[in-house]
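Each of the next two complexes has subunit A plus one other chain: subunit B in the first, subunit C in the second.
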Partner chain A sequence: MSAIASSDRLTAWLNAVLLFFAGCVVMIPTLWMVLSSFKQSFEVTAYPPTLFFTPTLENYVSLSETTPFLHYAFNSMVVTTASTLLGLILGAPAAFVASWTRITWPAVVTLVARMAPGTLFLLPWYVMFRQVDMIGSYWALILTHAVITMPIVIWVLLPFFDNIPRSVYEAAQVDGCSPFRVFWRIALPLVTSGLAVSAILAFVFSWNYFLFALVLSNSDTKTLIAASFNFIGEGSTNWGALMAAATLIALPPLVLAVIVQRWLISGLTLGAVKG
Partner chain B sequence: MASLSMRKLVKKYGDFTVIPDLDLEIPDHEFVVLVGPSGCGKSTLLRVLAGLESINGGDLFIGDQRVNDVPAAKRDIAMVFQDYALYPHMTVRQNMAFSLEMRGMTREEIAGRVERAAGLLHIGDFLDRRPKQLSGGQRQRVAMGRAIVRNPKVFLFDEPLSNLDAKLRAQVRAEIKALSQQLRTTMVFVTHDQVEAMTMADRIVVMKSGVIQQVGTPEEVYETPNNLFVAGFIGSPAMNFLPVTLGDGRARLADGRALPAEILGSGLAPSAGSGEGLVLGVRPEHFAVAPNDADALPVTVDLVEPLGSDTLVHFKLAETDAIARVSPDLRPKPGDTLPLIPVRGKALLFEQESGRAIR
Partner chain C sequence: MARTLSPRGQLLGLSAPALVFTVVMIAFPFGYTLWLSLQSFTATGMTRFEGLGNYGRMVSDGQFWNGLTVTFYLYFLSLALQLFFGTVLALLLFRAKKLPGIVRSLFISPFMMPPVVAGMMWLVILDPSLGAANFILTSLGLPPSTWLASPGLVVPTLALIDSWQWSPYVALIVLGGLQALPPSVYEAAEIDGASGWKVLWRITLPLLLPTLATATILRSVDLLRFFDLIYITTQGGPANASTTLNIYGFRTGFEFFQLGYASALMVTLSVIVLGAVLILNRMRDAVAW
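Entry: the complex of A and B
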């Protein structure tokens, strides 16, 4: 018994150490970013980095004065929310049908498309959108960002739908449901936590996606993440303002993730434990 | 309420034929039990009836309507699933009301029907609970409630008792039978448990490899099985099979010992052909302990299983393992010698090669 207990203690200790290192890898850059945003410009790039400094809001003030930050935030919110909704509207029925028919190759195709580098799509899309005069429109960004959100929705929801016993679908059919009604009345209400998880992941990925917005937006429709690129100049970079912008950009997904943490973890592990 | 008619029905999964060619008529109001071992096609047949599986050939009629291409939603059939398949996000009341809602019934009509069905099944007290708050037996009742609330043409049951414990199973079995007598709706019940089949059915359909082996009342299937498969499948413990040859008015076992031909049903011996290649079928309860009968065969008891109401005795007869059901008062012990003889007129005869019963 004592041998087992001490081996359990060792495992717990090793887990704690590994988690600590993993936490450091994730948290140090984030901490650096947040702290830097409160430093004066000359301190941001100082070497060795200063840990103790007099905090200032100088960077945030300069950010609000030099850029239409709220306008960019609005753009980001429009593009991200709409592309997340579009991803859900297209992805949820797609995942349901893939699970129902057990034909998953279309889902694999969407995943492959998602994994392909964005630059692959960029040129054809640029040409296409220019031909229909959509460059710089919200719709160009929303549609292209749906390519990011839809595969996430499909792949998060697939195990949720797979987890519903098939007989429940069949009972609904016998009860008089058309396939769409089975989806709407039975399947969808049973995967609400999956919908929440997929919506949040889709939101975060779309919010943070840089490349399409950089090329397909204009100064009116530029998203936050693309706008932050303005601070990186050819000659000099305003690191302080960049850090302040990055901190503000990271805030909405972070807040969302904290709010739905419990769902997020249970949703992400569902596929692994459904047995 | 409606009859069911299956004509030259074929069901395949890819190249694999589950049901090669099936004909079956189920009249209105009848309670039919499909029984057979795992993989015999009984559940597939039920799913075909429900419209959950398409067919590859033949015709299926519900009443006068050919339903080959009618989807499940439009067949007006209710089904109770093995795992109950209740909607987890709905209360018991919503579960039962759902199919009525789908048919566009009014709120009042739905409420009335749900209350009536709940009263019939004694589930009125937990109409507002969710399925996960119910025991297995209660869920089973809700599943039945969901089916009867519809007043459908046909009820289908797919092994609905297999997830219940033995005591509850017997109780629900009796309830379903009572319900069938009350509702007088055509019912098709699938099980691999021959006790369920015997106790509930108006008629039993015994299946093997997608082929119907026999259709008959429980008594017919038990007393006059069509072949060795049916004889061995129906009855517990299973029928004893002993290779015999007939001649000189006697049935001779493999070890040379003989039994009088009177143990067989009347007029059997003459139709037995050459008398070779036959199998004698004796149910365990059709062995009599007969110390005073000169024809009785002494057997040595190998194993005793007391069941309370009676006792099962295992022994070897002509090198074949056999079981007899005897009175518990006998209190046999392993090693004892018992004089056994099949009850006269009760033993059955089969062709060894084809398995066919000789009558």
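Entry: the complex of A and C
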């Protein structure tokens, strides 16, 4: 009996060691990025690399002085916030109707946007937006990013709406409540946590999306992610500033992800896995 | 206004904005690309019906075959790595029982950061002359590597970076599957005196197959369209060794402005992704319990 108990303790110990090692592998590259962003320029390319150094904000300062970083950050905020709102406005009522009527094939059609490569849409969009002279405008970016956000909102909200007992709807209808009112007054207040999760996921994916802004933005409307490409060009001479940019760009999605981590997995797998 | 509409009309009204948006921004462009893929463009910018000419051109285009090979090489290598590391990590997390929320946040952080940022970060770490990765290798007495700079290593390196980002995602999916397994199965195995490895191979992993299939589908959709990380780190190089079909299609369209041929390439890639999803879905149904 005690032999089994001690072998159990051994596996538990081994398990903890392996988990710690895995945690290090996951964490260290990100920590290295953040550390490098606080190094002075001679230190960041030092070989062998240094672990202990006097931290400096020099890189962050030079980023805002030598590049329009704040302007790009503002563009990212505008495009991401607006496309998240648009995704919610379009997606929330659609998810409600899909749940109510049990007709989900239109929602499945939106998944085409998730499966087809972005370039497939970018080619016709480029032609379409050129026709109406919208290339380089915020609206072109907001509308195309809503193609990312709307399916997220629909598929994250669908199980939340499905969880509302049918009897709630039926009672409301007996009282003469129209579908509009049921949606606005009853269903929507019951799925507020779903709205929060879908909004945050939509925000993160819109923020992280690279390809559309790469082609459809101009120097005035360029988002941070699309501008990353320029930072790399400049970064070949200045790693510190490059790592400072990378850290700042990664910050909003990471902060938001930590807030909703509990619900994240079921949302990220479009409900395929319960979190 | 609301009173004059029938409930049916109101439901349609609620879904109308999303339906219109889907038609204008998703369905119509999809059809337009299909149409573009059947056209060729003359020097004056006029289109001329080509039929399947653009698709025929692919067959004799070495770049297309290179793109297809790179796409599948990168796909299978990344998928295998992520399923392996993801499952191992999930088993470790499952056995640790009590996990503080901070640990979960830690494992979420790689795949929540933009792939573009992951690319910037690893470019610096994997720099052949000054990067930290080669410092670690040489400190361990191993030869330094050229990583992304060599045609032979670029795909495995990209697969490693992507696996760093997405293995934790697979792990959290598999962890969900593990937590959903009925405990009665384990109890029965324990009474029969089955060893830990036997339980893992004969019971846990077979029961996890549907979850692994789900993870495979979700990762396949992204891996077959691999783009951001490559565009940021190598732009398809060196010597086209990391030019996936998606990168090739993008360059054909937006660098060489051959819209017809680029459309045909993207339609082909879409068919590959959709086909893979359908096949994998079938496989998931086959292993369901």
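As a convention for this text, the second predicted complex is superposed on the first by the 214 of 275 C-alpha atoms of A that agree within 3 Å, B and C clash if a C-alpha of one lies under 4 Å from a C-alpha of the other, contacts with A are read in each partner's own complex, and residues count from 1 in each chain.
Following the convention adopted for this analysis, a contact is a pair of C-beta atoms (placed from the backbone, for glycine too) under 8 Å apart; a residue touches a chain by one contact, two chains touch by 3 or more.
All values derive from a computational prediction rather than experimental measurement.
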**OP:** Check the residue A:Val168 against both partner chains and state whether it touches subunit B (first), subunit C (second), both, or neither.
**Re:** first
Subject >> Broader residue contact with subunit A after superposition on the shared chain, subunit B or subunit C >> reply: C
Original post:
Thinking of the overlay built on chain A, is A:Ile135 touched by subunit B (first), by subunit C (second), by both, or by neither?
Top reply: neither
Original post:
Should A:Leu190 be classified as contacting the first partner (subunit B), the second (subunit C), both, or neither?
Top reply: first
Original post:
Is A:Ser228 contacted by the first partner subunit B, the second partner subunit C, both or neither?
Top reply: second
**OP:** Based on the superposed arrangement, let me know which partner A:Gly176 touches: subunit B (first), subunit C (second), both, or neither?
**Re:** first
Original post:
What is the contact status of A:Ala241 with respect to subunit B (first) and subunit C (second): first, second, both, or neither?
Top reply: neither
**OP:** With the two complexes superposed on chain A, say which partner A:Ala94 touches: subunit B (first), subunit C (second), both, or neither.
**Re:** second
Subject >> Footprint overlap on subunit A, comparing subunit B with subunit C >> reply: 178, 181
Original post:
Across the complex, what residues on subunit B touch subunit A?
Top reply: 50-52, 71-75, 77-79, 81-83, 85-89, 98-99, 102-103, 146, 150
Original post:
Which residues, counting only subunit C, touch subunit A once they are in their complex?
Top reply: 2-3, 5, 7, 10-11, 13-15, 17-19, 21-22, 25-30, 32-33, 36, 89, 92-93, 95-96, 101, 103-110, 112-117, 120-125, 129-130, 132, 135, 139, 164, 168-169, 172-173, 176-177, 180, 196, 211, 214, 218, 221, 225, 227-228, 231-232, 246, 249-250, 253-254, 259, 262-263, 266-267, 269-270, 273-274, 277
Original post:
Along subunit A, where are the residues that touch subunit C in the complex?
Top reply: 11-12, 15-16, 18-19, 22-23, 25-27, 29-30, 32-33, 36, 45, 47-49, 89-91, 93-94, 96-98, 100-101, 106, 109-110, 112-128, 143-144, 146-147, 150, 154, 178-181, 183, 204, 207-208, 210-211, 214-215, 225, 228-229, 231-232, 235, 239, 242-243, 245-246, 249-250, 253-254, 256-258, 261-262, 264-266, 268-269, 272-275
Subject >> Residue ranges of subunit A in contact with subunit B within the complex >> reply: 165, 167-168, 170-178, 181, 185-186, 189-190
